[in-house]
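Following: one structure in structure tokens, then a few remarks.
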């Protein structure tokens, strides 16, 4: 796994993510009840929890896709809450959405170009595409193929690389392991590690608790919209309740 | 012991009978026969929009060819009377038959599409029907249209060529339509059609033959549309293609929409509004069409779910208000027993 | 009935709500408006005055607006002129005319609603206007069943079927029906060089299709070879297909039969296809209407042969010029075909009232039947033909007027009189046509 | 006989081009926003009537009045998107459907009141007939065909190779993903409306100069545009060009060989037959249309 070339990541050095007391309502029903999450700069923070605990809602709230009803979201000194997703993207935040959400009738190359939508520099975009191709060789020979025709693993790789195209300083990853064969889950884990190694702060939301715990420097456990437990990765995985609830031990 | 619920039912039945009585004596109350003319037209349109309600309300598909069924029903019974001298009864039966045939012919291609596509394809059918009615001048008399003699039959002794007589005929058909549609929605097939509206895939997964249900709903709307057309033909005794152009498809859409789709009350309110509103706006003469368009837009913005939803809220509120008092009495009655 | 009664209740409750609502308006609506005609002493005790209310039913919007709007404007112009001169004199009372106008959108159900409202709510006994055929025929069905309540005076609704439904004698028409003998016009066409003529007509209109067939019958008599009959629709906009067919069939002249604007577009299409053959239009329309579609050059070598009474110089006593001036002054729009017809209807009504010397509708109707051409005010635009006994109407209440043939003059950029040619088929042929149709319709 | 067929084919190609122009706007707007934009027909007649007013009533030269008419009708399209459709996006689909029809209805009546019911036409200046063998094509109609293909080719290029084109296509395929990547949906849909309305304006000008315009032309034209859109399936620019030509040819040949009376209905007949066999359109892959 050759490390991505140096120039992509200087942007990711300094920032930190602070979410304080965020709550969210679907109509009259409150789904998130005042959760607070901090993501260390350059660290992998992961958020685990059962299905419907509010993980994806949190990710969408950060990205501005859903208006939050309380609390603030701050990234790199600027408040994101209340911003339109296109502005959030301009602040260097990239979301690799649940279910990948590719553009099925556009080629791999065009999907990648869309990833760099917020960037104006033509030359650098070409360089980023070349480095992504080095990173994911399988995408090279698929470059003119319609995204809809790729396999599950390839689609996940395309989704991640599309998010990388905007040179994000904060990478939000929503269940990257969804629907992938175990060996591919391993591969995706390696990719996340190396992205983080380059200094990008990663907020990982995963149902696959094992993978999340292995990767994460810091873990938050979310149940029915509330943070029930938080701590360093090793500490949380040692906790019996977590093992019973999430690891089936 | 009359519990709260039964009392509500009795109250409703009483209102039901009162309404029926009022409608039976309506010709006596409404002296100016112009307004009786409007009420007859509204009842005819009630039957037409109830048909539209079946396909639109219960399968969620916006059909724009109800006005074409209206035209087919009118032309079928009209031409049969003019050329073969068929009577009113035979004319309506022929219209029903024609409704089934045309409903299936139009239904097959259009029901294969969904949502907006379905509406546009049905609108294309209305255009097609209008062009055929206008172009086939040998049979249909072309753009100017044709006339038939007033009906000679009479109903329970009242001659049908008078306005009162024809009013009762149309009233009977309207009541039959309500009973039929209510019976159908309550029945097993009715529930299957509603299941198709809620979730087609789910409905087919539990064994509902989705296409057959949609086609059945479409045929029912076609038959009701053709009956309304036949009734209109023998009431006005003259028909021209212009009355069934795409422009009037707008009126059926408005009536279905304003009244609120998928309810039994919707067609009643929608058809009365579509007939009475242009007459009220008649004073605007030159600007009448424009006013009608603007009202349409206002309704879309103000009442996205149609008139019925606020009305049903009002109705349930009124019922609750009346019967809460009774419940209190019963509670006290039961407690001191 | 228990299970569903809740929903039935809702249905009938709302229907009741609306029914009660409308019956209330009906009750108050009925008495409110003025009755057909009511006399009354003037406030200052001078000459007694009164008002007569007539209904006007025309297609102000919709497909027929092309003739409906001018027809309404012609009516208003005449009524204003009559009222300006003190209205209608009956005995020592002078009645001013009031109009109650409704738009029937040249549509059957609208015509039924508007006529019913005029009769039941506004209680008028005379309804004039009727600029389009469809609405007129629909209303005629009602006139047949309510002969005592209404008399229809039709202007430009020229469908020959109208008089077939005039079984009760309560429908009058000043505009010449389209059943007429085009022999005069066909001879004139021969003179201007039509040898192989292609016909393009609105065949699905009963009026125009009858005329087109009569033209083609007369072609043989006059030695003109007919090279094809093409069809088009009302409001059609693209005629390339038909024109191409006729030109390729070797036509050296073309006859168009239809509405003003469609005929003008056909002329333009012919000129655009590079042919300058003579074009005869069985159509009317003012110079400006034709120039709205064609250029002056394209109109060269074009003719029109419709009964266009307000053609300058149609009669030599200057009535057409006076009418055209008055119309342009009032509506700053040049007169077309339907307006002068409706204009004459008002003068015919005035003559009937003054002949009957009463405001009773049935007496006025009887007087109108017996009207003589000489009774009419000289300002009548149409040069009505005096039938036997100088009568205006024939036994089916149809009036007759000769036809003019006009040629386009490039200098004056409008139609100029070329010849007074055809006369209509006359009462005998009209009777034969009506009786034959009545039998077919089982009247 | 063969010269006649050639002439009808030429007539069909010319009118087919117009149907493509209007279908292109409808297809893009439907693809990106899921709106059946019936009021597109009104945009066409506004451009036509303005073109008539500028050239015939005010007597301006053809070129400036054409440009001004197209600009005006583009503004009208943008206003419709901003103040009519955008607030209704959250409401049930049927409301947008009726809103669009309502606007078509209103503009129809306004046009009748302002410009009157009679058909009007823009007097095309250079109208010299050109003879292609026995068939005839006026210079103006040739210009129409050429401009038509130039515009459509330009649009195809824009969609295929530019960033704007990509973002429009992306938005059509997955709104949320486009939003995440920084595409401003409101701006893009306004742009799509602008382009669509400009194309409709061009169609209005051509239609009014070659044939003539009546207040109800908007309705018939937009329906033909929809027929083409559904015939070929969504967002497929080359397909829409071919679809428009098919519609034009079917009408002119049908009118020649079958009967003139049903001229308008042949197009719809083709649409209905297409629906029988390919509910998703002739050329399109199975697209997943979300409602």
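Note that the chains take the letters A, B, C and D in the order they are written out, and that residue 1 is the start of every chain.
Here, a contact is a pair of C-beta atoms (placed from the backbone, for glycine too) under 8 Å apart; a residue touches a chain by one contact, two chains touch by 3 or more.
Note that this is a predicted model, so its numbers are computed, not measured.
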Chains touching both chain A and chain C: D
Neighbouring chains common to chain B and chain C, by label: D
A-D or C-D - the one linked by more C-beta pairs in contact: C-D
Farthest-lying chain, centroid of Cα atoms versus that of chain D: A
Most central chain, judged by mean C-alpha position against the global CA mean: D
Geometric centre distance via CA averages, chain B-chain A, whole Å: 54
Between chain B and chain D, centroid-to-centroid distance (C-alpha), Å: 34
Length of the line joining the C-alpha centres of chain A and chain D, rounded to whole Å: 43
Shared interface positions of chain A, touching two or more other chains: none
Residue list for chain B, restricted to those that touch at least two other chains: 134-135, 137, 286, 289
Chain C: positions in contact with at least two other chains: 61-62, 203-204, 233
All chain pairs that touch each other: A-D, B-C, B-D, C-D
Residues of chain D that touch chain A when the two form their complex: 163, 166-167, 169-170, 173-174, 176-185, 285, 287-288
Residues of chain B touching chain D in the complex: 62, 108-110, 112-117, 119-121, 123-125, 127-128, 131-132, 134-137, 246-247, 250, 253-254, 257, 261, 286-287, 289-290, 292-294, 296-297, 300-301, 304-305
Of chain A, residues touching chain D in the complex: 63, 65, 84-86, 89-90, 94-95, 97, 101-106, 110, 113-115, 117-118, 162, 166
Residues of chain B defined as touching chain C within the complex: 8-9, 12-13, 15-16, 18-20, 22-23, 26, 29-35, 37-39, 41-42, 82, 85, 134-135, 137, 141-145, 147, 149-150, 161, 178, 182-183, 186, 232, 236-240, 242-243, 263-265, 268-269, 272, 276, 279, 282, 285-286, 288-289, 311-312, 315
Contacting residues of chain D [partner chain B, same complex]: 30, 34, 36, 84, 87-88, 91-95, 97-99, 101-103, 105-106, 108-110, 112-113, 216, 219-220, 223, 226-227, 230, 259, 261-265, 268-269, 271-273, 275-276, 279, 289, 291
